[in-house]
Amino acid sequence: MPATQTDSSPPGGLEPAPRRPSAVRPGDRIFSGLSKGAGITLLVIMAAIAVFLSIRAAVAISANEGNFLTTFEWDANASPPYFGIAVLLFGTVVSSVIAMVLAVPVAVGIALFISHYAPRRVAGTLGYVVDLLAAVPSIIYGLWGALFLVPQMTGLYSWLDQFLGWTGIFAYDNTPARSLMTVGILLAIMILPIITSVTREIFKQTPKAHEEAALALGATRWEVIRMTVLPFGRSGVISASMLGLGRALGETMAVATVLSPAFLINISLLESGGGTFAQNIASQFKEAGSMGRDALIASGLVLFLLTLLVNGAARLIIARRKEFTS
Amino acid sequence: MSDTVKDTVKSSRGRASGGAPAPDGPSERPGATAVLRNTTLQQPRLPRWAPAALVGGSLGAGILIGVLGNLDSRIQWGLIAALIYLTATFAVTTAVEGRRQAVDRFAASLVWTSFVVAILPLASLLWETIARGIPGVSWYFLTHSMNGVLSWQEGGGIYHALLGTVQQVLLASVIAIPIGLLTAVYLVEYGRGRLAKAITFFVDVMTGIPSIVAGLFVLSMWIMMLGFGYSGFAGALALSILMMPIVVRSTEEMLKLVPGELREASLALGVPKWRTILKVVLPTAIGGITTGVMLALARIAGETAPIILLVFGSNMINANPFEGAQSSLPLFVYEQWAFGTEAAYDRAWAAALVLIAFIMILNLVARGIARWKAPKTGR
Amino acid sequence: MAKRIDVTGLTAFYGTHRAIEGISMHVQPKSVTAFIGPSGCGKSTFLRTLNRMHEVTPGGRVEGQVMLDNEDLYGPGVDPVQVRRNIGMVFQRPNPFPTMSIYDNVVAGLKLNGKFSRAELDEVVEKNLRGANLWNEVKDRLHKPGSGLSGGQQQRLCIARATAVEPDVLLMDEPCSALDPISTLAIEDLISQLKSRFTIVIVTHNMQQAARVSERTAFFNLAAVGQPGKLIEIDTTDRIFSNPSVQATEDYISGRFG
């Protein structure tokens, strides 16, 4: 692979050239070929995911008697199959948005706490603990959410109902709190360590020189953060949030255990019902026949596209940000 | 020597007064900054005990309102206390120290509050898992399967699930680690141009794939298209897809930390590039790479969704990951939770505790390696 | 309103390590005082104790007294934020805020202290950029990022930023060490002009620079590595460079060590 050889010329150019004329060594060719092959394998896998999901989804959607986007039901095993993703899309987006609204400000707060407020020793330990919490499997969040968090939410929800029930969004009927709101809160708790962990790293990298410049102008601690840390970390916070959003959108187990699903869109976020893509796939899978599976795969494809969109948006924001700052 | 120095000074001073326009004289100052002049460094400040008093007071008020208002959820008490704390801090500091200080203190108390708000559920999660899990964990629990145990019965164990998890995770890493490592090597050492860009982009995309989508992909290809049955290996395929991008990312970061001088030094000795990578670059970064790989392992060991779709679950011990349904720890937790009986809940908590312990040990070892190998990068 | 500084018995710590010990000196208003000495002798640390920046470093602690005219910087009830607001600082490496424009960099300190009309801000920006000999170079791109300037321009921007809040004292921590000779000369010119408005203290590695810009020079040294740095002597620059009273100063100046 002579092309690769010349491409990597900066270090290669330092070789004592006369002893070895530019013959491509077999070792080099094999090794660079192998590593290139691995990279291409990754691309092939990504392509395969898109292709296979699309094929199965096409089978399901072409057989579907309902409207795939607007139907409020999921009778994929019936013949003819009749299903749509409206409820799932709504539930997925709403629960993730709730999670983001709750988690991002708090995560930025904790990240600042660890990077700029906590005493140094405490900060080290805390950072460690947050990293460990980010590794706790989602099924454990799910178990905790279903058996501990759900009963705790009842009081809070009746309170919300009392003051904000008139909006309709916060109406509550005192049934167990297995609603999209609880899902959102649980997702927020779940993605908190991830967002915190990334954000904290970015905040810590704020150049000391800039912080000292602000301090020397007579800025208070908060003003230093506002002038240097936050502008410096903004793109980091965005990408961390998107990472968290991606997790929230695709989260399966924490939703499957907490939500009491139903194929309807409830105006109230506090009452049970609704569903998410991932949750629906996990809970319907065992009963699904061949067409049922294809239908689930079709919904999975939408989820896939949704996460692609979020990731792409994050990347764009960061790229634009980079252009602006440099 | 100082004479020549002085000469330079004089000449440069002369040049300066001729060139640049002279700044305003010292006597005149614009109105804007004149307002700012502070004759004293002393500022009225809150006494040192004030923040503690504010915390105590608002906690007390929160509890009082909670008790008097007959609010049954502690969450409400806490929220009220937090709200009182934040407003009181702002009000008191504005009154005593002025607006700038008030904003500063308010921000600080907001940061502290968000920390407490976040740490409580996470602490509760760990506490619940440990407190409810410990009674169920025993040697029997670790060494027996659920074969013949009905959902409402006591007893049974997680041996089959542990075995499944270990086999699936190992198989997944056998697939994912070489591909991930080599891809990272390609990106850092060889990759230029469009192909490398595409790979970098799609590695990022792959990081964001929900685990259930990876499961659906293997389902549609391996089981539905190629006609293989449910097996631990099918699960491992999905897990390896989730693992690859993590390995690539962390390895890439580590390889980039290896100083270019090191490569050049080796190449300058006439060592071929591939040997330089194998003998110099990779060994230098090995600590960080190991850490990344172990963190990736910890991540996939807790995955449930693809396992539900591909491994299916079983109550019996199946030591062959290539054929027949298996179980896994996270799946076991989910199944036991779904049964909804007290005995099953106990098993779910116990298994959750074992799973957390498993993952924490992986994490701690990984971070131990990172710390042990870290000083070389000098950060 | 340039003020004088009187330091008495000042000791600074990093954790338990004494970085500098028992320093007493006077800094005259409206003049330039230079600190010289070998690396690690604590001259930068001492400079940072003069605006309470030392305590920002983890483990940083100070004992002793620093009087700014009649007020002790380390007295009870003194707000370090107010201290830094009144004693400006310019750092070794130019550090304009990268996300702010040139204009916003200059008024950054001002904006912290209250609301100003556009016209007032414009006036401050022009005055201080002129004062930093930078106005002609940047007047057409005031709203471009400050990071786009050359190193020397960035450093002058940082000086403009520091002078914009009209401090009593301007501290400079090796302001030219990261700059090329031409930019260095520009900054030195600027220092000579600024001393009509401010009390200036400058740390420098470069003895010619100390000789060129300062009226008084303080020589710092340490007995051995790990020992705290001490003030050896302070006198008029002419005397320090022509006829110092301590042998170590003469050795250092004539290049015998350091």
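Letters A, B and C mark the chains as written, and numbering starts fresh at 1 in each.
The rule is simple: a contact is a pair of C-beta atoms (placed from the backbone, for glycine too) under 8 Å apart; a residue touches a chain by one contact, two chains touch by 3 or more.
To keep track of the chains, here are their UniProt names: A = Phosphate transport system permease protein; C = Phosphate ABC transporter ATP-binding protein.
In this text the structure is predicted, and so the values were computed from the model without any measurement.
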item	value
Most distant chain from subunit B, judged by the mean position of its C-alpha atoms	C
Highest-count interface - the chain pair sharing the most C-beta contacts	A-B
Whole-Å separation of chain centres (CA-atom averages), subunit A against subunit B	12
Intercentroid distance (Cα basis), subunit C paired with subunit B, Å	41
Between subunit C and subunit A, distance of the C-alpha-averaged centres to the nearest whole Å	47
Subunit C, residues touching no fewer than two other chains	81-83, 85-86, 112-113, 165
Where subunit B touches two or more other chains at once, by residue number	100
Touching two or more other chains - residue numbers and ranges from subunit A	220, 223
Subunit B partner contacts - residues on subunit C that touch it in the complex	1, 30, 68, 71, 73, 75, 77-79, 81-83, 85-86, 110, 112-114, 116, 120-121, 123-124, 127, 130-131, 133, 135-136, 164-166, 185, 188-190, 192-194, 196-197, 207-208, 211-213, 238, 241-242
Subunit A contact footprint on subunit C (complex, rising order)	51, 53, 56, 58, 81-86, 88-89, 91, 93, 95-100, 108-109, 112-113, 145, 147, 158, 161-162, 165
Touching residues (chain side subunit A, partner subunit C) in the complex	120, 207, 209-210, 212-220, 223, 227-228, 231-232, 325-326
Contact set on subunit B toward subunit A in their complex	71-76, 79, 100-101, 103-104, 106-108, 110-115, 117-118, 121-122, 124-125, 128-129, 178-183, 185-187, 189-193, 195-196, 198-199, 201-214, 216-217, 219-221, 224-225, 241, 244-245, 248, 260, 263-264, 267-268, 270, 272-275, 277-278, 295, 298-299, 301-305, 308-309, 330, 333-334, 337, 345, 348-349, 352, 355-356, 359-360, 363-364, 367
Residue numbers on subunit A that touch subunit B, as the complex places them	4, 7-8, 11-12, 14-16, 19-20, 25, 27-28, 30-32, 34-43, 45-46, 48-49, 52-53, 55-56, 105-110, 112-113, 117-118, 128, 131-133, 135-144, 146-149, 152-156, 159, 189, 192-193, 196, 220-223, 225, 243, 246, 249-253, 256-257, 277-278, 281-282, 285, 293, 296-297, 300, 303-304, 307-308, 310-312, 315
